[in-house]
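Below you'll find the structure I mean.
Per-chain residue numbering starts at 1, and chain names A, B, C and D are given in the order in which the chains are listed.
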Amino acid sequence: MDDLLQLGKQALASQPFSVFVGAELTGFSPGWAELTIPITPQLKQQHGFVHGGVISYAADNALTFVGGTVLGTAVVTSEYKINYLRPATGTALIARATVIYSSKTQAVCRCDVFVVDEGEERLCAVSQGTIARISQSSEAQA
Amino acid sequence: MDDLLQLGKQALASQPFSVFVGAELTGFSPGWAELTIPITPQLKQQHGFVHGGVISYAADNALTFVGGTVLGTAVVTSEYKINYLRPATGTALIARATVIYSSKTQAVCRCDVFVVDEGEERLCAVSQGTIARISQSSEAQA
Amino acid sequence: MDDLLQLGKQALASQPFSVFVGAELTGFSPGWAELTIPITPQLKQQHGFVHGGVISYAADNALTFVGGTVLGTAVVTSEYKINYLRPATGTALIARATVIYSSKTQAVCRCDVFVVDEGEERLCAVSQGTIARISQSSEAQA
Amino acid sequence: MDDLLQLGKQALASQPFSVFVGAELTGFSPGWAELTIPITPQLKQQHGFVHGGVISYAADNALTFVGGTVLGTAVVTSEYKINYLRPATGTALIARATVIYSSKTQAVCRCDVFVVDEGEERLCAVSQGTIARISQSSEAQA
């Protein structure tokens, strides 16, 4: 495993909520991040689909991580929007994020969230947002 | 407790992920919904603040619930955007959502998320999105 | 007319596109901006309603201006989202923007766009976005 | 010129605001739309860059048109968000939109806006939104 991915996995492991949800960093290189979340019963809503909040978490965090690949480790998601496309049912969520544009202080990124069902991936949400670099003195939420 | 709030609490209790996160419905009337989430260690990120994913969950779910007060119980969040304003640290998150406009099939809603810290509320995120009514045959994610 | 409003009117008059569209600054104070656009035939789409692009312009520019009331004159809209609520028909558009939160370098703002029809105002769009302060050396789009 | 592009050009020509701004439909096929806007002095802001409102118009209208390629001609943009990436200066704006997902009643689409400067294209804004099919009886804004 390369050093950057190792670094990213440590960062993810240091977030109690990411551990709680069961997220894994499965891809991490400059301009690219992939989070995978095995779908467990506690991540669902009342109809048996993955809760939208989990999909949002996945998009938000993948956006933060991909921003970190170009801005450094001290980054936060400033804002994002997400469109849910279809109910998510299957064995895992995969959130894939890319950097569209970056300056010294912020990056605009997109993230597509897929659900894996019987070995097939289906796009279930798309998002777009801004990741900001923060100074050491004002480190904020992931 | 009034009937509508009781109904809402049952709906929330039927969402495994909402139970997992520890969300409580503390306000629910036509055009108004309030979710409260006690801040526990597992909801944080690496710097001790509430993870952005939890704040997104709170906004998303409060938006869904407030949409449900005007559209009926079979609703989903179609899309939303959120701006994080400041790191959230304290004892509880409170997400307050209102309906801005609704038609027969969808509602545009806003949600403000506050953090309660030493008895004081501070606004930590603002969001806006669309809630859609779904037919029984295509019930989808919350 | 107060000095700040006078200053804002000059800024708006210096934007060729705002003059082209016929926008007027009708309110401008710390944390508050109002743009009014008389509805003329060239601002419409094929069904006789105000074109969405005009409503977006109004929201975007009111957001920029209100951000400027707290951040200074060198500001740009970094990003925003808008929900259209109903077709706009009438005599004028009014975009009213407020500052929700501001730091030294950026402000999160909301803007509601109304259409005036037979003396009555109806909400036709709602928006939310981020306004950023720019350094003199990198002044950018309004 | 193929029939679909011809149809799209007629639709654009029927929008007074699009004619006013000088937009041209330069690409139109199932799931794909491209709008080109020659940059003229009246489309600028006070620093000589294309006004953000023009870029928003371009994104919004390209999103509407691309939605129309899969949903039929009676469509409106319900909502969208846009991130501005850099000041736009050059000879023309090009807005390129694609359909990410569509159901019978709506489509989620993305649009990238480029500026052409000395023969080179640079990405200056990215957007994402929802296009909705409207019934004949409630045709609304483009």
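The definition used in the following text is that a contact is a pair of C-beta atoms (placed from the backbone, for glycine too) under 8 Å apart; a residue touches a chain by one contact, two chains touch by 3 or more.
Owing to the predicted nature of the structure, the values given are computational and were not obtained by experimental measurement.
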Which neighbours does chain B have in common with chain C?
A, D
Just grab the chain with the largest centre-to-centre distance to chain D, centres being mean Cα coordinates.
B
Measuring from the mean C-alpha position of chain A to the mean C-alpha position of chain B, what distance in angstrom results?
20
In angstrom, rounded to a whole number, how far apart do the mean CA points of chain B and chain D lie?
33
If you look at chain D, which of its residues touch at least two other chains?
78-79, 81, 83, 86, 108, 130
Going by the contact rule at the top, pick out the chain B residues touching chain A in the complex.
11, 14-21, 41-47, 49-58, 60-61, 64, 76-84, 86-88, 139-142
Contact set on chain B toward chain D in their complex
78-79, 81, 108, 130
So, in the complex, the side of chain C touching chain B is made of residues 81, 83, 85-86, 100-101, 108, 110, 123, 126-130
